[in-house]
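In this document, chain identifiers A, B, C and D correspond to the written order of the chains, with residue numbering beginning at 1 in each.
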Amino acid sequence: MSKFDGLMERSARAVAQRTSRRSVLAGISRLLFGAALLPVLPVARAAEGGYPGVGKQESGIDGDPGDPTSCDYWRYCAIDGFLCSCCGGTANACPPGTEMSPITWIGSCLNPADQKHYIVSYNDCCGKTSCGRCLCNRNEGDKPVYRPQSNNDINWCLGTESTIYTCSTASIIGVATD
Amino acid sequence: MSKFDGLMERSARAVAQRTSRRSVLAGISRLLFGAALLPVLPVARAAEGGYPGVGKQESGIDGDPGDPTSCDYWRYCAIDGFLCSCCGGTANACPPGTEMSPITWIGSCLNPADQKHYIVSYNDCCGKTSCGRCLCNRNEGDKPVYRPQSNNDINWCLGTESTIYTCSTASIIGVATD
Amino acid sequence: MINKLAIVVAGLVLAQAALPEIPIERIPNVAKLPAEYPETWLFAADANFHALIAGKIIIVDIAADIHEYKGAIGAAQFATFMESSTRNELYVGETFYSRGTVGERTDVVTIYDKATLEKTGEVVLPKKNRGLFVTNKYAMQLVDKDRFLLVYNFTPASSVSIIDIAAKQLLNEIALPGCSMIYPTGERGFSSLCGDGSMVSIQFDKQGRQTSKNLTEPFFSVDDDPIFDKPTYIGKTAYFVSYKARIYPVDLSTAQPKPLPMWSLVSAAEEAQNWRPSGWQIITDDNKDTLYVIMHPDAFDGSHKSGGEHIWVANTDSRKVVRRFQPEDAAFSLEFVSGKSPMLAVTNVNMWLDVYAEDGALLRTMSLGDSAMPLALHSKR
Amino acid sequence: MINKLAIVVAGLVLAQAALPEIPIERIPNVAKLPAEYPETWLFAADANFHALIAGKIIIVDIAADIHEYKGAIGAAQFATFMESSTRNELYVGETFYSRGTVGERTDVVTIYDKATLEKTGEVVLPKKNRGLFVTNKYAMQLVDKDRFLLVYNFTPASSVSIIDIAAKQLLNEIALPGCSMIYPTGERGFSSLCGDGSMVSIQFDKQGRQTSKNLTEPFFSVDDDPIFDKPTYIGKTAYFVSYKARIYPVDLSTAQPKPLPMWSLVSAAEEAQNWRPSGWQIITDDNKDTLYVIMHPDAFDGSHKSGGEHIWVANTDSRKVVRRFQPEDAAFSLEFVSGKSPMLAVTNVNMWLDVYAEDGALLRTMSLGDSAMPLALHSKR
C-alpha cells in the first residue's frame, strides 16, 4: 500500500497546488484542463480602439485619423474579417505572400476628419490560412448576397490563384459624390 | 451637413448602446470587434470535474468512478488531447466515422476505487479534424519522445488510413502487477 | 489513534477486495449512430473562421444532458450542408487544395452514411466554381423528394449545378445571371433572389434540363428595405424578413413564385424605436403557423448582423406578434426543433448553443468546441 | 447659444476645407519583407491544436511596438520549421491530404522566399513517413552550413531523410532503430537519443551516404531522471536538462558525441522542494555562457509540461544559478533573442507572447492570434 499512499499524497498535493497558484492555474486551465484559447477581450478596450496584444498604428496619411489595427477605424465601416493591418499588411496592403483579390465589395464610409464619404474597396487577401488576429465585423450599407457588390458574407477571394481567405483590406478608391 | 449629422448621431447612439447592453456587447466583442472565442473557463470548475457546456457522464462500469468527460477522470493520468467522450465517443470508443489507431502509448493509472494501478492504452481516433472539445493534458509517467511507447507528444494516428488527429481514448488493457 | 487508523485501513482493504477488477476493453472500438436520427438531433455548421479549411458539421442531441455531442464530419472552406430525408445520407459541399491553402483546387460534394459517419462517395464539381459564403443554408438545397441536390455557384458569375444525388451524378449547370441562392420551388425546381428585388424561378426535368423559367416583378426594395437572404419555410411558403422587420411571404408551391401580402412585425411605436431583426440565421418557424425572429431595439445602419437580445414570436394567420422573450444571452442564430416537446436551438453571440423550451425557459447550454462558430443550425428534415 | 454653435460649425467646416482629400490607393498592393531579417525577428510555430491542418509559422519582430506582426506561412499537420542562415529561404515540413483530412497523403518540405513569403519550391517525401509530433525543433534540422536539411521520420519505425536543400533534392534515408530526433553533430551529421539513455551519431557525405556511426554509453537514466528531448546549443555543445533539473551537456562538435560532466540547477534544499523544469521549450541560452530554464517548485509526476512561474538563469562556466526571476505570467516556452539589447521571448501558459529584457523586465505582450498556440519559438539563426 505504501506506493499507492505516496501517489495519493502527491496527487492531493498537486490538486492543492492547482488551486493555489494563479499562473500555473492558468497553465492548467489552458493546457492541462484545456480551457478556452484566450482570456475574453475587455470589450471596452476593443470598442475604444484596438485589440490587446496588437500594436497600434497610424496610416501616416494626412486627414486619415484613427488606428488601422482597431475595428472602429473609419475605413472599416463595412468590413468583415481579420484586419490585414494586424497580419503583416496595412489597411490597404496584403500581408507578404498573399494575393490581393481583384474583385470585391464596396462600402461608403464617413471620414471624421473631413466629414466626407469615401468609397472604400474591401479587397480580401488570399492564399494563406486565416490570419486569426483582429477579427472585425461591421456592416454599414451591407446588403444581402443578391446584391453581391454590397455584401461582405461572400468570400471575395475570387479571381485569385487560391480562394483561401487570409484577411481583409480597406482601400480608398474615391469620394462619394452624393 | 444634415445627412452627416444624422450619421454621426446614429453612430454616437450606437456606441452608447454598445457600452450599456451586456448581451449585445458580448456579440460585439465576439463578432463585431472579434474578441476571443470563449469566456475563460473557470478553472475550479474544470479541476472539480468537467468542462462547461459538456454533459457529465459515467462509464457505467463497476468500480470505475468519476466522469469520463472530465480531465481529472482517473484513466486520463497520461492523456494528451481532446477527450473522445466529449466528441461522440466514450472514454474507450472513438467517435463515429473516425478510425482508432492500432498503435499507441501506454500509461499506468491509479484507480481510486480499488487502489489498483491499471495499464491504460491511449489510442488516438483519426481521420476527422480536431474535435475541439475537452482539451486535456496530463502527463503521469510521460517520457520524452526517445521512449515513444511512454510519450504523448507523438501523433499516434499511425497505421491508420489518415494520420489526422481527432481525439484520444483511454482503454483498460490490464492491471499493473508491480 | 494508530489502532483506529489500522481499522480504517483494514476496512478499506476489505471494501476494495470486494470490487471486481475492471475487465480488459476491446481495441479498436468505434461508436456508431442510428441510421435514422431522432427528431431532437441538430446539425450545427461550424464555419471555423480561424481555420476555414477545417470547418465541420457537428451533430448534437439538443434534448440530451449526457452524450449530447454525437459526432462531426468535416466541412472545409465555406462549406454547405444538407441532410437527406429520404436516404440515410449527409451531404457536404466543400473545397480543397492539394497543398492545404494553395495548389490544385477540388470542389466536391462529399456523401456520408448517417450511421457510421463514414464517407461513402463524392461528386466532383469539375468547373470549380462552388460559391463560397459565410455559412448559408440556401447555397445548397435538396429538391424533388431529395433526389436532386442543387449547388449554388459564384465566381462572381452565378449558376446552379444540378446533381442527381441518388445516382451520384452531376447532370447540368443552369446560368443564373444577377440572381442568388437556391430556394426550393414547385415540383422540381428552385427560385433565386435577384439584385432588383425580383425573383427568378426555374423548373427542370429528371435529366436536369430546364423546363420553365418564371420571373416575378420586384416585390421589395433592395435599397430601402432589403429582405434577408435566409428565409424559413412553412410548407411551401418561404417567409422572408426584411431589415425593417417586415415579413414577405412567398408562395413557392408552383413553378411561378407568388409574393403574398407583406406584413410587419413592428408597430409604429416599435418602428420608431428601431426594433429590427439582427443576427445570422434570424428567422425560424414551428412548421405550422409560428415564426421566431431575433430582434433588437435601437437598430442602426450596420447593426443587422450583430445579434439581438430579444426573440419575437409571431403568428402567420393573425399576422401579429404573439409573444416576446429575452434569451439568457443575446441570440445570433436560431432554429426550431420539433418533437414531443418542441425546442428552440439558439447560437448565442458567444457561440455557445442554448436550448430553450417553447415557453422561453432555458433548458441547457452546450459548448460545441473551444473555437466552434456554429453559425448555421439545421434541424432534422 | 445658437450663435456659438454656428461659430463652432463654421470653424469645423473651415478646418475641413483645409484638408486635402485622401488620394486614391493602389490595388493590388502586397507588402514585402527584407530579404535578410533583423536579428530581433522571431519565428513562432503555431501548432493550432484546434485545427491541426491549419497550423502556421508566424514571423514577429519582438522589438517592435508597431507592425510587430510581419506575416505568416502555412505549416500543416504537426509541421516542422527551419530558417536558412545561408540562403534567403524558409523551410516547412508538412503533410497534406487530398481531401483535407482523408484521401491521398503528401509529405513535403515547402520552400519560401523570405522577402515575399511566396512558395518557391518543394521537395516531396515519397515514403510519406514524416514524423508527426507536437511542435519540436529537433524533428527537422539544417547541417553543413545549411546545405542539408534533415527530416526525422517516425511510423513508428524511425529514420532520417537527407535532403540537399540547395539542390531541392532528396538524397537518402538512414534508418535509426530505437533512436529519436536530430541533433546536429560534427561537420556533416547528426545525433539521436535512444531509448536506453545513449546517443547514436551519424556522419554522411555530400551524396547523403552514411560515412560513420558512433554510439555512446547510456549517460542518463530514462527511468529515473530522463532528459527533455529539446536541448539548447551553445556553439557545438548541446545542453540537455533533465526532469530533476540536472544539466547534461554533450559535446557534438565531432563525429563522436562526448557527454560532459553533469551538474545540477538545484541545491539539496531546492531538490527537496521539488524545484524542476516544466513547460515545452524549457531551455534556451545566450549563445555564450548563460542558460535560461523554466522552473517550478512542488513538482510532481506529470507536472513537467505544465509551465512554470519562474525562470532561472545559470552560468555554464561556474555551473551555478546566477539569477532567478518571475515572469508576469507563467512561462511555457522560451527563446533567447540576440541583438543590441538581448531579449527573452516567452510563450506564456495563456499562449500570449511576452518579451522580457535580460534583467527580467516585461517589455511587451503580443497576441499572435485568437487561437494561436505558439509552442515553439525560433530565433534568427
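By our rule, contacts are C-beta pairs under 8 Å (C-beta built on N, C-alpha and C of every residue); 3 or more make two chains touch, one makes a residue touch a chain.
These figures come from a predicted structure and were not determined experimentally.
By number of C-beta pairs in contact, B-C leads over the other of B-C and A-C.
Distances between chain centres, each the mean of the C-alpha atoms, put C farthest from subunit D. Separating the CA-averaged centres of subunit A and subunit D is a span of 25 Å. Counting partner chains per residue, subunit B shows two or more touched chains at residues 1, 7, 26, 28, 31-32, 34-39, 51, 115, 128-130, 132, 135, 137-138.
Multi-chain contact residues, meaning those touching two or more other chains, occur in subunit C at positions 50-54, 74, 100-102, 119, 301-303, 305-306, 369-371. Residues of subunit A touching subunit C in their complex: 1, 34-37, 77-78, 80, 103, 127-130, 132, 135, 137-148, 153-155, 157-158, 161-165.
The touching residues of subunit D, when paired with subunit B in their complex, are 9, 13, 49-53, 77-78, 95, 97, 100-103, 105, 131-134, 136, 154-156, 179-181, 192-195, 222, 226-229, 301-306, 370-371.
Put simply, subunit C touches subunit B in their complex at residues 12, 16, 19-33, 50, 54, 56, 59, 64-74, 112, 115-119, 296, 298, 300-303, 305-309, 329-330, 332, 348-353, 365-373. Of all residues in subunit D, those touching subunit C in their complex are 48, 50-54, 74, 76, 94, 96, 98-102, 106, 108, 110, 119, 122, 369-371. Residues 7, 10-11, 13-14, 17, 21, 23-24, 26-28, 30-32, 37-39, 51-57, 61-64, 86-90, 92-102, 111, 113-116, 118, 121, 123, 125, 128-133, 135, 169, 171-175 of subunit B are the ones touching subunit C in the complex.
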